[in-house]
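Both complexes shown next keep chain A, but they swap its partner, so chain B is in the first and chain C is in the second.
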Partner chain A sequence: MAADFKTAQPVEYYRKFLEKDVRPDGRELGEIRPTMINIGSISTAEGSALVKLGNTTVLCGVKAEVTNPKSEEPDKGIIVPNVDLPALCSPRFRPGPPSEQAQVVSQFMVEVIQNSGCIDPKDLCIKAGKHVWVLYCDLVCLDYDGNVTDACVLALMAALKNVSLPKVTLNEESGNLETHMQEKWGLNILCQPVATTFAIFDDCIVFADPTDEEENLATGKVTIVTTEEDKICFVHKPGGSPLSDDKLQNCLQRSFIRAREARNLVETTLVNVDR
Partner chain B sequence: MAGLELLSDQGFRIDGRRPHELRRIQCRMGVFGQAEGSAYVEQGNTKVLAAVYGPHEIRGSRGKMQPDKVLINCQYSMATFSTGERKRRPRGDRKSQEMTKHLQQTFEAAVLTHLYPRSQIDIFVEVLQSDGGNYCASVNAATLAIIDAGIPMKDYVCACSASYIEDNPVVDINYLEESSGSAELIMAMLPKSEQIVLLQMNSRLHEDNLSKVMDMATQGCKDVHSILDTAVREHLTSSIALQDSSVT
Partner chain C sequence: MPAHRSTMGSKFRTRSSSPMELRPMLSEVSVLSRSDGSASFSQGDCCALAAVYGPGEVKVAKELSDKASVEVVFKMKVGLPGCKEKIQERILRNTCETAIAATLYPRTAIDIVIQEMHNSGSFLATCINCVCMAMLDACVDMKYLVAAVTCGLNSEGELILDPTLEQESDLTALMIFAYESSNFEVIATYTTGSFTSDQFQICLIHCREASKHIFQFFRDTMARKLSK
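This part shows the complex of A and B:
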């Protein structure tokens, strides 16, 4: 009976739940799905992390290469995030070139890295003007159940914290690069941005961490990225229903708490990874 | 002898296995909620994820519709971080296209295609970490995913590779053995009836040795079958137990 009602009138179905301040999956409005992280599971990558946010699963692998720097920034390394939403992860994605959504999320990741300043690109310099590291951060969504952005940001940061690179020096005489496989170093992560997404339903009800179903019914969405000491580094609200100032304040407060929890989770997981 | 010693004097391979020994296979079924069927297979250091969607209506060009049988649509993709050197494209390169085609041909031969005319079954395979035997791990994972989706097949399709190294047939070769230049034979078979679904051999091998390598691969497929079968039975027992406990 309930299932029929849900299929026929999904919005009405949700309203009935939201009247009681609860969601069909049993969560409260501000509650975020259980989050799990597995770090260092891919041994072919320099750093990797798997993040599960409820059913949504994202795997991030970081590969490092040595390349020539851009001429306008000769002493800065390059970080290239790329989000892939393959047909495997949900029935609504078709095989083919990257979807618009995947490109939007990729660009979002670029902006998060730049705005938060989580890595100083100068750390990735081997010899200014000649050789710099490029970090290809590939994020593959394995199961799509809404809110990939949060999962992606978490996976990316956890994977970057896991990166271990060999020491590379330039031999001035021969001009060749020398790799010291024994001497490994990790990236200096200056801060850890955490994204929290909220969906707006019926122009007034705001709830955190929407599932795929909720994303489809939502009339708007807002993503807040915060770093340590409750600093906001990025707010993204792509159109949709307008949001009042005090509602946004509530979202901000919720996202600060979430960010602290997520950072603790990453830290405790990293302690248990020997690498 | 130059370079690596692929088979030691004591008869051990580079990763410490005996010539007839498979790598450790770990599998899980029903890993996702979104797909009708899904499975994850770890064969040594090769890690593969498979998802099956369907049978459903034909998507995309309706011209592909077959009036008498189901269309099997495969996609093989390798994560860019799965290999030692970064891959430029996860899919769409020739090697992946070839693999896609192989998977499609393999499963067209094994799935009871006449049961779902005018429909489509999607099999998506993603290699997360690669250490040789990608085709074999993909087939094994896809088989489990199809079983998980409840799509009838003639039998399990089990795949295994074999090679001939220093006058010894060896089974389930890893990346180092694969790239050593010796012959590589990959075989997919229906183990109960011992029918070969797909067989491919690269590189040179003397005719006299072919049967030895084939026997090795056949035995490998049967070993894989018993592992997969145990996994399926365990999965079913635990999911039935779960249902029972939720009823009471």
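This part shows the complex of A and C:
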């Protein structure tokens, strides 16, 4: 009976639940799905992490290469995040060139790294003007059940914390690069941004961490990225229902709490990872 | 239809005077003859041109049975749009979708094209304002008007409203807010740089005040157009 009601009138079905301040999957409005992280799951990558946010699964692998720096920034390394939403993860995506959403999430990752300043690109310099590291961060969504942005940011940061690079020096005489495989170093991560997404339902009810189903019914979305010491580094609301100041403030406060939890989770997982 | 031109009075700064005022606005509506509505809008040296086609025929694949499908294309001055433009295009599209009373036009398409004319800082906000003028000119039913304001914070934490490109380069944070005209609530936000929650609140409030000037400007422009 409930299944019929849900299929026929999904919005009304949600409304009935939200009247009682609960969601059909049993979560409260501000509750985030159980989060699971596995760090260092890909042995062939320089750094990797698998994040599960409820059913949403994102895998991040970081590959490092040595390249020539851009001429305008000779002493800065390059970080290239790329989000792939393959046809595998959801019926909404078709095989072929990256969808608009994949491009938007990729750009989102670029801006999160830039805005938060979590990595100093100068750390990735081997020899200014000649050789720098480039980190290709490939994020693949394996299961799309809503809120990929949060899962992607978490996976990206966890994988970057896991990166271990060999020491590379430039032999001044021969001009060749020498790799010291025994001497490994990790990146100096200055802060850890965490994203929290909220969906707006019926122009007034705000709830955290929407599933795919909820995203489809939502009339608006807002993503807030925060770093340590309650700094905000990205507030992204691409249109949708208008939001009053106090609701926005509630979202900010909620995202600060979520960010602390997520950071603790990453820290405890990292301690158990054998590098 | 003749083009209608209007400018905003002298109380607005002419480039880099007070940091707490908007740059002078200038707008011309019905500039294009083939579109259902068009507008060019400039804030200081920043200028955009928008055309609205529709509600009109819709491709079968994009047809929605309960509302109009809103399509927004952002054209740059040179080059092809990259990922950065995609994120801006999405903000523009979702903002338009929210503002247009799309349920009044089921099974139709509303196409909006925005052409960059000159970018001299706070460009996304100029685009949003330009689109709103074009939609007004096209007489598309809207739930409310939309106005966007950019503000920045410099290293001392001082607020600069509607920064130019030179000012933008030495800001630590930049925020763009789009407001609706009925309760002045936030429809869209886009930020760069990092800031605290208090700074965010202050910018939100200041931009809201500034947006009221833009709404007044919209009203004046339309009044002038209709009185002729």
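In this text, the second predicted complex is superposed on the first by the 275 of 275 C-alpha atoms of A that agree within 3 Å, B and C clash if a C-alpha of one lies under 4 Å from a C-alpha of the other, contacts with A are read in each partner's own complex, and residues count from 1 in each chain.
Going forward, contacts are C-beta pairs under 8 Å (C-beta built on N, C-alpha and C of every residue); 3 or more make two chains touch, one makes a residue touch a chain.
Predicted, not measured: the structure shown is a model, and the values here were computed from it.
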* Would chain B and chain C fit next to each other on chain A once aligned, or clash? -> fit
* Asked: Taking the superposition as given, does A:Glu111 touch the first partner, chain B, the second, chain C, both, or neither?
  -> second
* **Which of chain B and chain C A:Ser90 touches, first, second, both or neither** => first
* Asked: Touching A:Leu190, do we find chain B (first), chain C (second), both, or neither?
  -> neither
* To do: Considering only the touch criterion stated at the top, classify A:Phe234 as touching first (chain B), second (chain C), both, or neither.
  => second
* Asked: Closest pair of CA atoms, one in chain B and one in chain C, after superposing: how far apart in Å?
  -> 12
* Structure fact -> In the complex, the residues of chain A that touch chain B are 42-45, 48, 55, 57, 59, 61-63, 65, 82, 84, 86-91, 94-95, 136, 138, 140, 142-145
* **Touching residues on chain C, where the partner in the complex is chain A** => 83-84, 86-87, 90-91, 93-98, 175, 178-180, 183, 185-197, 200-201, 204-205
* **Interfacial residue positions of chain A with respect to chain C in the complex** => 100, 103-104, 106-108, 110-111, 114-117, 220, 222, 227, 230-245, 248-249, 252-253, 256
* If you look only at chain B, which of its residues touch chain A in the complex? -> 31-35, 45, 47, 49, 51, 53, 56, 59-60, 73, 75, 77, 79-84, 86, 90-91, 122, 124-126, 128-131
